[in-house]
Amino acid sequence: MRELHVDDRGNARMVDVGGKAVQRRTAVAQAVIAMGDDAMEALAGGALAKGDALAVARIAALQAAKRTADLIPLCHPLALDHASAEVVLDERAGTATITVTVRMDGRTGVEMEALTAASVGALAIYDMVKGIEGPAPRIADVVLLEKTVGGEQRDRGAVDHPATRDEEA
Amino acid sequence: MRELHVDDRGNARMVDVGGKAVQRRTAVAQAVIAMGDDAMEALAGGALAKGDALAVARIAALQAAKRTADLIPLCHPLALDHASAEVVLDERAGTATITVTVRMDGRTGVEMEALTAASVGALAIYDMVKGIEGPAPRIADVVLLEKTVGGEQRDRGAVDHPATRDEEA
Amino acid sequence: MRELHVDDRGNARMVDVGGKAVQRRTAVAQAVIAMGDDAMEALAGGALAKGDALAVARIAALQAAKRTADLIPLCHPLALDHASAEVVLDERAGTATITVTVRMDGRTGVEMEALTAASVGALAIYDMVKGIEGPAPRIADVVLLEKTVGGEQRDRGAVDHPATRDEEA
Amino acid sequence: MRELHVDDRGNARMVDVGGKAVQRRTAVAQAVIAMGDDAMEALAGGALAKGDALAVARIAALQAAKRTADLIPLCHPLALDHASAEVVLDERAGTATITVTVRMDGRTGVEMEALTAASVGALAIYDMVKGIEGPAPRIADVVLLEKTVGGEQRDRGAVDHPATRDEEA
Amino acid sequence: MRELHVDDRGNARMVDVGGKAVQRRTAVAQAVIAMGDDAMEALAGGALAKGDALAVARIAALQAAKRTADLIPLCHPLALDHASAEVVLDERAGTATITVTVRMDGRTGVEMEALTAASVGALAIYDMVKGIEGPAPRIADVVLLEKTVGGEQRDRGAVDHPATRDEEA
Amino acid sequence: MRELHVDDRGNARMVDVGGKAVQRRTAVAQAVIAMGDDAMEALAGGALAKGDALAVARIAALQAAKRTADLIPLCHPLALDHASAEVVLDERAGTATITVTVRMDGRTGVEMEALTAASVGALAIYDMVKGIEGPAPRIADVVLLEKTVGGEQRDRGAVDHPATRDEEA
C-alpha cells in the first residue's frame, strides 16, 4: 500500500521510496489553454505564429519538468532520462494543447513531472497572449493521459470534469 | 499599445517595461482541482485533513509566486510586496479551489505570479491525493479573477470554458 | 581515508565519491531555537499556534534538504529517497526543536542535507516570531543526532557546546 | 503594529510591505561553529588553512543572502545593495565565527538575509571539517548582532542562550 | 572610485551600491561559437534549422540574464526591465553569434547580465551541435559590445584577443 | 547513432538516455579570459591577489557544474561524483585560464557540465576585474580539453579558432 504524504501526527513528509524497485517509468500529461479569437489568430497565423512563441512554451515545459521537486514540496528529486513537449493549436475550438512526455528508470513515478511541465508550458502561452485584445485566457484542463511502470499501463482515467458532470446525479 | 513578446523577426524577448509608471498592482487568480470521492474524503475529513496537506499547497503557492520569472521565460523578475493563498474544499462538488492574491508597487502586472502560484498550489494538492483509490485528479480550471492597476480594475473576464461553450454557436 | 575538501594546492573541490559503495544512508539532525515568552506563547497557544506556522517550518526544512548541494558549495547533488521533519515546543524552556530525518541509497552521506534542513526550518520559525514583542530569538544549537551507513551507526557524538564547556580546563 | 505571518484563519502569507517607507536598512548576524581539536587545527594551520576553506564559507554565505526568499517561505524577494562576510577562528575556544553584514534601501528589514547567510556559511564550514577525526562539529549559536532602520538602531538583544540560562529561575 | 570586490583583508563582498544614483543602464554583449561544417550545416539548413534550435539558445540566454546573481557570487540581484537575444549564423566562417541586450533603471550596471546571457546562449548551441560529426565546437569569444549609463556611452573597448595579438610587441 | 536535440517536427527535447550504459564519464574543459595590464596586476600581485578572487572563480565554477541542467534547456539533470577547478594566471600573456574537471558514473556525458563551469568561472573573474582601469576583459576561448567514457578517450579536438584560421583556405 502506498504511504500517505503526512505521517500519523499529520506532518508532511517525502515518503520513503528507498525500498521500491528501479523500473522504467513513463508519464504523459496534457494542459489545454482556451483563449479569445484575436489571441488564437496571433498564435496560429499572426505575429506570434512566425516567431518563438510555441518554442517558448515547449522549452518552459522541459525546464519545469526538471524543477518539479523544487516546486512541489513532497516530490522527490529525480534524474529524468527524457522529456519532450508538443503544442497543437485548434483554431476552431480556440485552444492550444500542450502534451508532455517524461521517462526515467527510477523508484518513483514521473507523473508530477509531466503535469508540472504541461502546466508551466500552458502558463508560458498565457503570458504571451494575455496582452492581446479580447477575453482573458483560461487554462481549462490539466490531466494525466498515460502512466506506465515497467512497460505496464498504470493510469486509471481521470475524474470527470466538473463543468460536464451531471450535477443532478 | 502593448509590445508583443516576440520582435519583428520573431525572436522572443522580455518586453521593455522601463518606461511604464510605478503603480500599485494587484492580481487574484484561482485554480480548481477535481478529485474522486476517496481523495476528497481524505482531504476533507480523513488522514490528510488532520495534517499539513492544505498548508503544503498554500506554501507551495507562495514560493511559486516568487519563482515566476524563473519558470516563465519572458516574465520580469519582480519584488513582490505581498502574497497570500487560501484553499476551500467543496465536498459535494469534489473540488478544492486555491485562490492566490499578489500585490506589488511596480512597472508591470502581477497576474502571471498569481496564476503560477495557483497552478503550483493545485499541483501540490494533486501530488498528495494522487495515490488514493479512485479516478485520477484533474486540474479543471486556472483563471484570473481580478486585476487592478493603481486601484482601478483592469480585468475583463476570461474566455468561456471550452467544456461549457455552445459548440453549435 | 577520507579525501580533504581542498586539493594539495588548496583548491576547493567536490571530492570524488565515484569509487564508494552504494549503501543505505540515514542522518538525523536537530536545530533548537530559543525565544522570548510572548513569541513562545504565540507559537504554543496564540495566533500562530492555530495556523500554518509549524507547517511552514517543516516544509521549509524539506525543501532545503533538496537544495543542499545548491547552497553548500562542495556538497554533491543527491537523489534523496526520504525526508521528514518534526517540530516540538518546550514552553517551559522557551524553545522549539526541529528534528529532520533524511534517507538515501547512495555513495555519500546525507548529514549535510539533514543539518541544512534543520537550520532552514529553524530560520523559518525565527522569521515568523521575530516581530513579536520581547527579546530576539536565537538559534541555540544545530547538531547531528544520528548517522547510519548500511544499517551501522556512524555518528560519534558532537563536540561539547562552548557555552557549557569548562573554560578553565 | 506588525502584521502576523498568518491571517485570522491561520493561513500563512507574505505580509504586505507595500505601505512601508523605503529606508536604508542594515543587519549584522553571526553564527558560531564549535569543533574538535583536529578540525580546528586543519582550519587554523593545517591543510584546510592554506586553501579555499574560509573563502568557501564566505562565498556560500553571500550566495545564501541572495537566496533567502527562496528558502524561507514568508520572506520577501529583496534587491540587496551590499553583503559581506568574515570568518574569525578562536583556536583556544575551538570555534569559528562567521559574521555577515547586509544593507539595502527598501521596505522591509534584512535580518533574515543576514541570519540565513551566517547559517549557511557555518554549514559550509561544517561540511569541510566533518570528515576529520574527533567529535562532530556543532553550530552553537546563530544570532542577530545589530539592526538599523534609517540609521537608527532597532535591535533589542537576543534571548539568553538556553545552555547558560538559570534553569531554576 | 570604484570599490574592489575584496575588502582590505581580502574577503570577497558584494560592494555597496546603495549610494549610487538610479539611472537607465544598458549593456549589449556577444558570444561567438565556432563549429565544424556538418554542425553548421545542421544549424543553417538541416535538421536543426527547421526546429527550435535557435529559439532554445535565445530562451536560455534570457533565462540566464535573470539568474546572473545566482551564478556570479558577487553580482547584485537586479530587477531587469528588458532582455532580448538574437542569433546570426555565418555559414562561411562557420560561426553562430548570439547578441544579448539588457536594460534596467537601477544603481548598478547590467553588463554581467548581458555577458552571462550570451555565454549561456552559446553553451546551449554547443549542447545541440556537439553530437554531430566533425571537430568539437569552441566558444571563441565573449565580449561586451556596448554599455550606457543614463544615455551616455561607457564602454571602452575590450582588450585585444590573445590569438591575434602581436606576441613580439 | 546519436539522437538529435529536435524531433522530426522540429520540437526541442531532452533525448532519451534511458537505454545507454552506465559508465564512468569524465570531461575537462577550459576557459581563457584576457584582460588589460592593470587588471592582471591586481589579480597577480595586487589587491585582488591577496584575497578571495581566485577562490570566487573556482567556487562559482563548481556551483555552475551542478546547475547545468537548470541553465541549458536540453541537458539532463545529473548526480555528479566529482568536480574540481583550477585557475592559472599568465602575466605575460595577460590571461587567466580556468580548467574544470567533472566525473560521474552515468548514462550521458558530462562535457556540458565542465564547459558551463569553466564559462561561469571566467565570468566570475570578469566581474571582479571589470571595474579596473584599462580595456574591458574578453573571454577569449571556451573549449573541451578531454572527454573519456569508461576509461577510453572520446574527444576529437575542437574546431580551429576563427581568429587563427587561414581565411584564404
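Letters are used for the chains, namely A, B, C, D, E and F, taken in the order the chains are written, and counting of residues starts over at 1 for each.
Assume a contact is a pair of C-beta atoms (placed from the backbone, for glycine too) under 8 Å apart; a residue touches a chain by one contact, two chains touch by 3 or more.
Nothing here was measured: the structure is a model prediction, and the numbers come from that model.
Asker: List every chain that touches both subunit B and subunit D.
Answerer: Chains touching both subunit B and subunit D: C, E.
Asker: Moving only between chains that touch, what is the shortest number of steps from subunit B to subunit F?
Answerer: 2
Asker: Listed by label, which chains are in contact with subunit E and with subunit F?
Answerer: Expected: A, D.
Asker: So subunit B and subunit E: same face meeting same face, with over half the numbers shared, or different?
Answerer: Homomeric contact, different residues on each side for the most part.
Asker: Which chain lies the greatest distance away from subunit F when centres are computed from Cα atoms alone?
Answerer: Most remote chain from subunit F, centroid-wise, comes out as B.
Asker: Among the listed pairs A-B, B-E or E-F, choose the one whose interface is a repeat of B-D, with over half of the contact pairs the same by residue number.
Answerer: Interface equivalent to B-D, from the options A-B, B-E or E-F: B-E.
Asker: If you average the CA atoms of subunit D and of subunit E, how many Å lie between those two points?
Answerer: 33
Asker: From the mean C-alpha coordinate of subunit C to that of subunit D, what's the distance rounded to whole Å?
Answerer: 14
Asker: Report, in whole Å, the distance between the mean C-alpha point of subunit A and the mean C-alpha point of subunit D.
Answerer: 38
Asker: Could you pull out the residues of subunit E that touch at least 2 other chains?
Answerer: As it turns out, subunit E has residues touching two or more other chains at 7, 9, 11-12, 52, 55-56, 58-60, 63, 67, 73-74, 77-79.
Asker: So with touch defined the way it is at the top, what topology do the chains form here? Options are line, ring, star, complete, other.
Answerer: Other.
Asker: Pairwise, which chains touch?
Answerer: All touching pairs, sorted by chain label, are A-B, A-C, A-E, A-F, B-C, B-D, B-E, C-D, C-F, D-E, D-F, E-F.
Asker: For a test of understanding, state which residues of subunit F touch subunit E in their complex under the given definition.
Answerer: Contacts found on subunit F: 2, 4-7, 9-12, 31-32, 34-36, 42, 47-48, 50-53, 55-56, 59-60, 63-64, 67, 71-75, 93-95, 111-112, 115-116, 119-120, 122-124, 126-128, 130-132, 134-144, 155-164.
Asker: Which of the residues in subunit C come into contact with subunit A in the complex?
Answerer: 24, 55, 58-59, 62-63, 66-67, 77-86, 103-105
Asker: Could you please specify the touching residues of subunit E with respect to subunit A in the complex?
Answerer: 52, 55-56, 58-60, 63
Asker: Over in the complex, which subunit F residues touch subunit A? Could you list them?
Answerer: 7, 9, 11-18, 69-70, 73-74, 76-79, 107
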